[in-house]
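As written, the chain order gives the labels A, B, C and D, with residue 1 at the start of each chain.
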Amino acid sequence: MAPTDQRTDDREAAFYAIVDSDGRIEPRDDMPEAYRRTLIRQIAQHAHSEIIGMQPEGNWISRAPSLRRKAILLAKVQDEAGHGLYLYAAAETLGVSRDQLLDLLHTRKQKYSSIFNYPTLTWADVGAIGWLVDGAAITNQVPLTRCSYGPYARAMVRICKEESFHQRQGFESLLTLTRGSAAQKAMAQDALDRWWYPSLAMFGPPDTGEQVSGGHTEQSMRWGIKRFSNDELRQRFVDMTVPQSEVLGLTIPDPDLRWNDERGHYDFTAPDYDELFRVIKGDGPCNEQRLRHRVEAHEDGAWVREAAGAYAAKQQAKRAEAAA
Amino acid sequence: MAPTDQRTDDREAAFYAIVDSDGRIEPRDDMPEAYRRTLIRQIAQHAHSEIIGMQPEGNWISRAPSLRRKAILLAKVQDEAGHGLYLYAAAETLGVSRDQLLDLLHTRKQKYSSIFNYPTLTWADVGAIGWLVDGAAITNQVPLTRCSYGPYARAMVRICKEESFHQRQGFESLLTLTRGSAAQKAMAQDALDRWWYPSLAMFGPPDTGEQVSGGHTEQSMRWGIKRFSNDELRQRFVDMTVPQSEVLGLTIPDPDLRWNDERGHYDFTAPDYDELFRVIKGDGPCNEQRLRHRVEAHEDGAWVREAAGAYAAKQQAKRAEAAA
Amino acid sequence: MTTQRYALALGDDALILAQRLGEWVARAPELEEDVALANIALDLLGQARTLLTYAGELEGAGRDEDALAYWRDDRDFRNVLLVELPNGDFAVTMARQLVFAAYQYELYDRLRGSADETVAAVAGKAVKEVHYHRDHATQWVLRLGDGTDESRRRMVAGLETVWPYVDELFEPFDGADVDPTALREPWTAYVHGVLAEAGLSVPEPTASRRGGRDGLHTEHLGYLLAELQHLHRSHPGATW
Amino acid sequence: MTTQRYALALGDDALILAQRLGEWVARAPELEEDVALANIALDLLGQARTLLTYAGELEGAGRDEDALAYWRDDRDFRNVLLVELPNGDFAVTMARQLVFAAYQYELYDRLRGSADETVAAVAGKAVKEVHYHRDHATQWVLRLGDGTDESRRRMVAGLETVWPYVDELFEPFDGADVDPTALREPWTAYVHGVLAEAGLSVPEPTASRRGGRDGLHTEHLGYLLAELQHLHRSHPGATW
């Protein structure tokens, strides 16, 4: 065996020693190339989801029904942009640039969460996204605060804290609706009816059965960048959400939803995974619109970014000249 | 005297013989170059006013408060486009093209009526424009149905007929407001308050005094393309409009307005001609907006007009080939 | 007898497209098109008024055309998604016009034979209007498709923009006076013929968007309705 | 004591500009700007809420911030025209930001000394926010003015677009806590300094537009308000 391979083996052993002892891999540490690539894809997809996710909620900023709600919504969408920033920065520690990642998003080579391919049709959808979508996101992400890659784990700590705040705001916004007029309550129920199954689908395909996906799960768990299976997280979300729906006085659109004493969990109807795969493939109500909006914003801003670059170069040259 | 001059004299005599006998000059008839140029400018300005005038009213098409009013307004704005078409066609009989005239409009070398440089701030403005602005336009234009240039006179017959219909619709729309809620009545009064003096200014500067303009009036009267002086027409408009305002139950914003038994006319406060000259010069609330909107629509449509031209040329070539 | 749902669906299609076409007024590529697009918008608005009035009568709850146009929220509108799409450039608008007018022509042509007298009467008038709309769009698709390189490129893009919204026109509709699925064949014959003459390919079927008939709209409709309804809703009960 | 008219004018300025800046969110040239523009919008919205609430108290007719924001028509808004202009491109927005933040900075700096405690407190908080807004705009005007040829061309055009709306900021205002005319000189010193550093000329004075303080707005405001108010007005009396 050549010395290089020996070194590779040593490095890999060091990596797994850290991961297995629940330590943190830092950017300068050695890591397997597949780990690096998988993390880049995962963090990038998460970052893309934050910035695409600004659109469905941003859709209601101009029309928010009170100034207080307008301020809350603006702050929330601003936080999402901020999350995008942290996450692209975390991905950059793995040796890619934000520009490269944005390019992969814009050319459809990387994905974002399919949930954002559904439209926000009424104001109640803003509350429903906060309650359900952020709720599902937190369920997915809290375990990642303990993931093996340091920069990602630290970004998740901050993000989860803010999302948990957003989730409570979403719940509170819906509560105001369900305690309001009949029209407001109907609006809230309609939002739940439309967002329930897409939210369940956010946890991805089931772990077993014919719809199980490529099976990266095992590898990701070994690497400490996934802690629980899709179905475990989905169950956790349902168990958390059903009692909240009762407080709201809203009916989850699942006639088979009921507490199972034996399992100690709610039984529920799985989302339509065929729909999930269709939407992932690009055939959701808003895939085209979201990506076009994103690409247009990027292209419209190209001259601004170029100007900032040119200005910075000029300033640097001036400073260099002054120093010479 | 050279024979050419003799012929010129003969032609001029023939021209004046027609004009003096209240006949009609037709496109193939001889006419003095100055007459032709003046008419082109006058008809073009009138055509430009029709198409720029689509903007302030078009501003309310999407927001009209009932479907019936939306239909009436759409039809009216469509008529204005149609008037533009007749008038450009009338001007074209004098040897200029619509493209040339539009170019003169877009480069600010020709004007349009200054009234359209005021904004339509509320729905009542649409009614006020119909009642006052169309009313003033008709007062100006009815005499032109007897003007010396045939194509212009005939265009004016059709236009006046339609505008008189619009004027009645505007009046009726305001009447509905003044018979409606307090908010609607206030909206109507506010519109009258803002449109009264600009409407009076539509008749141009006074015939006497220091603000009298260049003095084309006399020449135009001699040529039969102006029949009454600015002040005569303004007085006629006031005399017609005051009783209508009483039917509406609205107050004309002129404390000195009163019937003068001796003159057999209403006395009234003249509009602020300094303001008129400022707006004509380009410093009205909407001059920039109107012209920019117009130029942008024209530029955005350039590829469409080019395509239509290219297609027509291809079709003609095909027909020529088929015939050969 | 026509159902209220059906009258509403047809009326909403016409109303929302009239609103979109109205946005072109004073922005068209040439004055003739300001006239033409306003005229088409007016025809559609006229159809909408009759159909919404009739939908209100069928409902029997005292709602007139304005109550239905101004006081329903977007989840209660029943138009197909196609008509609520933003206008885009002139090629997008003409692609939509061709698709929609060819559909409306086949629809109204058959609705003339509806057992419901009101609907038959609406259709009898509208079919002539829509025949002109279809012809207008056809002429422009030919000109743009076989005009310049730029117009061809834009026309291709315009067709691609609207194509995902075609299927919804021909979806089954419970209680329709005329089965929408039966309109697809004659529609295809006409539209594909126009595209062939213009030297344009029929866009590849990619996505297929639906939901309008169930009140599941695009995010564009809410903005359209905010503009359409704001003034009316600001003065409840007022007469205009 | 501050007048209701003055509190309303200042509150409306902040509200309408917040609404405009909110339109940039998810459309900004880079993510940092999505954050920055949302942040500025939030600051302005916060100022608006406090000032409108106070205007309602001064009026004493029971109107709160939402009653004033959602139930007044455009003739009753008192903001300067500058803030209601469409955003245009990023250069137009940054030109407006420079002009307006530099004005607000001088204003709030002096309002800290207002005899009215509420206004003094608002100003004390706002002056720090606005200092950041001014700095943000300054940095961008420098970058765009001294960036590329295109950015320079756009920055010049942006300044020309907003310049006719500058004079209105400094018009006398009866009963103002701080005389607006007194703000012009320090504003000029700051803004002209930035333009000089960016290598940009001060636009030639052409037209000078005014009227906002008297409720005489541009045609743009009505559309902004239709969007802002539609949902709220659709549910009179509801709590959100």
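Everything below uses one rule, namely that contacts are C-beta pairs under 8 Å (C-beta built on N, C-alpha and C of every residue); 3 or more make two chains touch, one makes a residue touch a chain.
Keep in mind that this is a model prediction, so the values were computed, not measured.
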Checklist outcome for this item: Every chain in contact with both chain B and chain D is listed here as C
Checklist outcome for this item: More Cb-Cb contact pairs, comparing A-D against A-C, go to A-D
Item to check | Centre-of-Cα separation between chain C and chain A, whole angstrom | outcome: 38
Next on the checklist: I'd like to verify one number: the distance from the centre of chain A to the centre of chain B, where each centre is the average of its C-alpha atoms, in whole angstrom.
Outcome noted: 59
Next on the checklist: What's the distance between the Cα centroids of chain C and chain D, rounded to whole Å?
Outcome noted: 40
Checklist outcome for this item: In chain C, the residues touching two or more other chains are 73, 226-227, 230-231
Checklist outcome for this item: Residue ranges of chain B touching at least 2 other chains are 63
Checklist entry - Quick one: do these chains touch in a line, a ring, a star, all-to-all (complete), or other? => result other
Checklist entry - Taking all chains into account, which pairs touch? => result A-C, A-D, B-C, B-D, C-D
Checklist entry - What part of chain C is in contact with chain D in the complex they form? => result 73, 223, 225-227, 229-231, 233-234, 236
Item to check | Residues of chain C touching chain A in the complex | outcome: 73-75, 164, 207-209, 211, 216-219, 222, 226
Item to check | For the chain B and chain D complex, residues of the former touching the latter | outcome: 56, 59, 63, 119-122, 190, 194, 282-283, 285-289
Checklist outcome for this item: Residue set of chain B touching chain C in the complex reads 51, 54-55, 58, 61-71, 74-75, 77-78, 81-82, 84-85, 88, 98, 123, 173, 176-177, 180-181, 183-184, 293, 297, 300-312, 314
Checklist entry - Where on chain C is chain B touching in the complex? => result 15, 19, 22-23, 25-35, 38-39, 41-42, 45-46, 48-49, 52, 65-66, 69-70, 89-90, 142-144, 146-148, 150-151, 154, 227-228, 230-232, 235, 238-240
